[in-house]
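A, B, C and D are the chain letters, set down in written order, and residue numbers restart from 1 in every chain.
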Amino acid sequence: MAGSTIGTLFRVTTYGESHGCAVGVIVDGATPGVALTEAVVQRELDRRKPGQSSVTTPRAEPDVVHITSGVFEGVTTGTPIHMTLHNRDADPSAYLAIKDKFRPGHADFTYLRKYGVRDWRGSGRASGRETAGRVAAGAVAKAMLARRGVTVTAYTLRAAGIQAKAIDLDAIERNPMRTPDMEAAHEMIARIEAAQRAGDSYGGVVECRIRGLEAGLGEPVFDRLDADLAKAILSIGATKGIEFGDGFAAVDMRGSEHNDSMNASGFASNHAGGILGGISTGAEIVFRVAVKPPSSISVPQATVDVEGRETEIKTEGRHDPCICPRIVPVVEAMAAMVLEDHAKRQAALHA
Amino acid sequence: MAGSTIGTLFRVTTYGESHGCAVGVIVDGATPGVALTEAVVQRELDRRKPGQSSVTTPRAEPDVVHITSGVFEGVTTGTPIHMTLHNRDADPSAYLAIKDKFRPGHADFTYLRKYGVRDWRGSGRASGRETAGRVAAGAVAKAMLARRGVTVTAYTLRAAGIQAKAIDLDAIERNPMRTPDMEAAHEMIARIEAAQRAGDSYGGVVECRIRGLEAGLGEPVFDRLDADLAKAILSIGATKGIEFGDGFAAVDMRGSEHNDSMNASGFASNHAGGILGGISTGAEIVFRVAVKPPSSISVPQATVDVEGRETEIKTEGRHDPCICPRIVPVVEAMAAMVLEDHAKRQAALHA
Amino acid sequence: MAGSTIGTLFRVTTYGESHGCAVGVIVDGATPGVALTEAVVQRELDRRKPGQSSVTTPRAEPDVVHITSGVFEGVTTGTPIHMTLHNRDADPSAYLAIKDKFRPGHADFTYLRKYGVRDWRGSGRASGRETAGRVAAGAVAKAMLARRGVTVTAYTLRAAGIQAKAIDLDAIERNPMRTPDMEAAHEMIARIEAAQRAGDSYGGVVECRIRGLEAGLGEPVFDRLDADLAKAILSIGATKGIEFGDGFAAVDMRGSEHNDSMNASGFASNHAGGILGGISTGAEIVFRVAVKPPSSISVPQATVDVEGRETEIKTEGRHDPCICPRIVPVVEAMAAMVLEDHAKRQAALHA
Amino acid sequence: MAGSTIGTLFRVTTYGESHGCAVGVIVDGATPGVALTEAVVQRELDRRKPGQSSVTTPRAEPDVVHITSGVFEGVTTGTPIHMTLHNRDADPSAYLAIKDKFRPGHADFTYLRKYGVRDWRGSGRASGRETAGRVAAGAVAKAMLARRGVTVTAYTLRAAGIQAKAIDLDAIERNPMRTPDMEAAHEMIARIEAAQRAGDSYGGVVECRIRGLEAGLGEPVFDRLDADLAKAILSIGATKGIEFGDGFAAVDMRGSEHNDSMNASGFASNHAGGILGGISTGAEIVFRVAVKPPSSISVPQATVDVEGRETEIKTEGRHDPCICPRIVPVVEAMAAMVLEDHAKRQAALHA
């Protein structure tokens, strides 16, 4: 399988480079007869788009989605849904100066080693712009999941060393950090703006909560729900780790502490994070994602060029000083795809 | 796709339950003409088998592998390699007493909710015994990788709250914890034995290092090398998280700290853990896995039965008080499969 | 994907060579809770096994199936069903004399060119013996289909130049040719026995009828029901063509003759063979398969050896003079797998 | 897997309906560094487009292709190639009159039964227009194959009851029937024009020859080269059968007639059609495809409406009286995809 497709039954294939004509996505396998409009998809894309605030890149891509197929008279037809976003007449000339240098922390070096060909305009296929297609597909998955009462909510749990203490889901879309703690938001922003002024960037943690999911989803033994979520989430650029439930904190616990006992109402606790044996328990699914600081910084860095000669690089331009707020909708999108895919697989198992 | 197969070109399918006749595996897509013997596979299986030491279950399964097809005159033929391990005449009667109760932390509840059918003998398909097939397949992958000089080495980095300080790879197979620090091994064992006497268990962290891998492996955008490794590793029971390179420690770092600068000799550091943009850099790949404390403990726990009635359970019997030493070869096996699969995908890309 | 797996949701993977220890199959994705016994599977295998009559090879392989996993207390559990048939202590020494020669019409040459390794014992993986695993998996699929009233019936429509005139499905299992016309059976047998005495062999046509299938199965655009049936059927050795409904006879027809008009009771005719636009219509599905004369004949033939030197070969031994009667259950098995797979896919689409 | 994707390593996914905004295709897995231009793709599309002659529909769709991603500075980058064709402002009002009736021989009925939703504009996703995406993808595959000297040539062997006697490949593009026999072309055209005047249509046979292919391609046991070609070809609308080499004519042959003997120069004959045991022999691959007469005819036909009421239908408008000339490039495209996919799989096997 080539690498631009994910999913078994709800299948998503993206295409497009940052400075090509367009980015887009095909969703194949969507349930027919479900209401879907460009407005619903656009709402998700607007959460991902650049230029939203002081903590995102000021680049302005309008990111308008067009649904060209698979929807007729306001509902899905069951045939492939193609959604495309035209790139504005992007000027790649800014990249001419560094087209022969490898940006530290970027995929320039590995893409060239992999393909033997370099699309030096922006990050080419490795650009975060590719995630627009994912978010569009995720909006379709969310529309499917909503029919069964499932919600997927991600947020910035930590950024620039500041941890959210409160988890007020209503606060998330009310601050540019997309953190569920308004107070923490202010501290995060202050630190990130300071880093940005220094030409630097910050990482963070994104947490995701899935509510309303039935027990029984996930396919032993390799396609466990947590395994498939992990793959989907770590396929997002800038992610460096994932943990479910207590995650890495569980490693120092005893079995008697970590096991979730059961009573007539269900599970008495949720150390497991809503998944046991790779299958959803019916409890809330909780996972956290490690997000590295963006690689594009204007601090000068040592590097080499394509000939292996040592040199220095400064990645000028308008970059995100912390990608957490914009990665939040991408995490939701990837999780939603996996859930919808597994819901279909479970239906198939019992057919 | 049903869930018992992993890989695109190097494809591994396992079968078998803990108390059925046999567990086994088919490896399809192995390179023809590579030397392979049962002894090579057995060596890996012996690292996984129970009864190795005081910190593993004293159950004694001989775990003898039979290669029934796909190998002829000492070499692989390129056709499916089937390997099987007969289960000893296991007596599931020990499970009769708890066949209607859900063991906390186990997959009893979720399997029943998923399938509507319960194989109450041991953990059925959810048993760790299924990983014998994985280890056998991993031995095949390792034989393939060895031809290109790639080694995969995992070890217990932390267990029962004790962290290995030294990383002496030669020490790993010389202590029952499979930790690269002999001193830490003694402390880990002492704590785990104490927990075991109390009917309890402990978790830990397994770290894995991949050396000798060429740059360029991994398929943007969904089948990134780290994403595929994450899926493979988190498909192992008892795992709760994975991180690459600096992992969760990267979240508080600045870009200028985290970016690995380059010089004429290669990368000056390896915060990224050997993968950039989902593609191997040629540097060592490093990842860590969170392993929860085993769920099977003899401490009494609150639970419910299949009718939802509250009750209590004690999982008697001989269980692993810490699964890290036995999960080490499974982590290596899963990683090796992913690497061999991606090596084949890269060859195909340039065909 | 490696080539020994077929199906998306009802997934079948076979292994084994003609003169190895065993042949077998894993069925992953079977619906849980369906009654399944070794006797049911054995019944189908007995239809495929050698030594049934004068028109099949007199070799005697008992072909006893063992279900080692995936069935518990008489029903499927939803986990992988592994079925294996031990090979009798087969003596490959008969093949020593021709181990360096390519048998005309056989896969000796192409396997060596593909793999660079030759398993010269019998036909190795290319042996018809591999189809035992398919028939076992087909028995599982048939058990699933029976729940929804679907039957799959194949028979020899033509052999050795003799066409069945009557289509009496009850006659099929009452004659060794598995033809629905008792009179034609006698003529076929006479001709085939004569060919066999001359050291030669004959081909034929197998027809398959699927009844009781609901409308709506098949996935546009590539995974059409007819396309997937064609792949599954032509993956059987010795097949050289397939046609649906009127098939090749349609090429000289006009649209006004070929179109099946509709009335209040359904379709007025079935030129299409039960599939339109790649989707089942609800009418009977009918297809025919071209089966070549077996390649193993004792008439001397010109050939070359592995060094390219010209030589002569006589394939001594006990071979099938016409493979149609034994291919009938294999055709049914492959068709049943495809139907069960598509039934699951349709359920998933509407989940 | 949803049904709009084909291929394992060279993966093709199409989208689009006849009267939507656009049809298009993503090719994922193309070898990087191969020269590719819109002109090369357009040349193939022009062979498929309507309005070419008196024997094709006079509808005029310009079918201009845009490559929006995956090609940079004139060569493929190894990332997904997205190609799109905007639909002209198609007026679906012509279909209003029959939007509630099922056209005999069409997929109207089965699509409604499958999806529960009907896109009544033209044939929606079932339209032959979807094949434009296939032809574009096939052009990419052909560019890849050309590097290894492989050519794929299809032509009309028979149409309207007239058989080509000469096989002059140079004649194919010199007559509107795309038949390799200029004389036969005239007869075919005369008959088809007569049928068209009567509001009727004709079927035919398309033959395909593949030259220059190495021995060794095809994956036992399910993904045989012939099985995968059969699936790919029968996924084209209007096809009803396929046969390889002697095909259905082999059924009356004896083994001694059908086996291709070998000598120092290779195979002495090619009854097998270039494939043995599912693997290419290195000889020319030959297969034939049964093409039914187009279903859209203006002769009045009995049918029912969506409520099951009996009625009559005349499919007015401009339709193809024989689809063979336009299906020729689609057959080539599908075959080319399969060959390129298998070439990559063979490279992966030996990696």
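One rule holds for everything that comes next: contacts are C-beta pairs under 8 Å (C-beta built on N, C-alpha and C of every residue); 3 or more make two chains touch, one makes a residue touch a chain.
What you see is a predicted model; the values in this text were computed from it and never measured.
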Chain separated most widely from chain D, comparing mean CA positions: B
Pair with more cross-chain C-beta pairs in contact, given C-D and B-C: C-D
Euclidean distance of C-alpha centroids - chain C vs chain D, Å: 27
CA centroid of chain A to CA centroid of chain C, Å: 46
Separation of chain B from chain C, taking each centre as the mean of its C-alpha atoms, in whole Å: 38
Multi-partner residues of chain B (each touching 2 or more other chains): 1-5, 8-9, 14, 29, 32, 78-79, 114-116, 125, 220, 345-346, 349-350
Parts of chain A lying in touch with chain B, wherever the complex brings them together: 1-6, 8, 14, 102, 104-107, 109-111, 113-116, 125-126, 130, 158-161, 195, 200-205, 215-224, 226-228, 230-232, 234-235, 237, 240-248, 250-264, 268, 272-273, 275-282, 290-297, 299, 301-304, 308-310, 346, 349-350
Touching residues (chain side chain D, partner chain A) in the complex: 1-5, 8-11, 13-17, 20-24, 26, 28-29, 32-33, 66, 68-70, 72, 75-82, 84, 114-117, 119, 121, 124-125
Chain C partner contacts - residues on chain A that touch it in the complex: 1, 8-9, 29, 31-32, 78-79, 220, 343-351
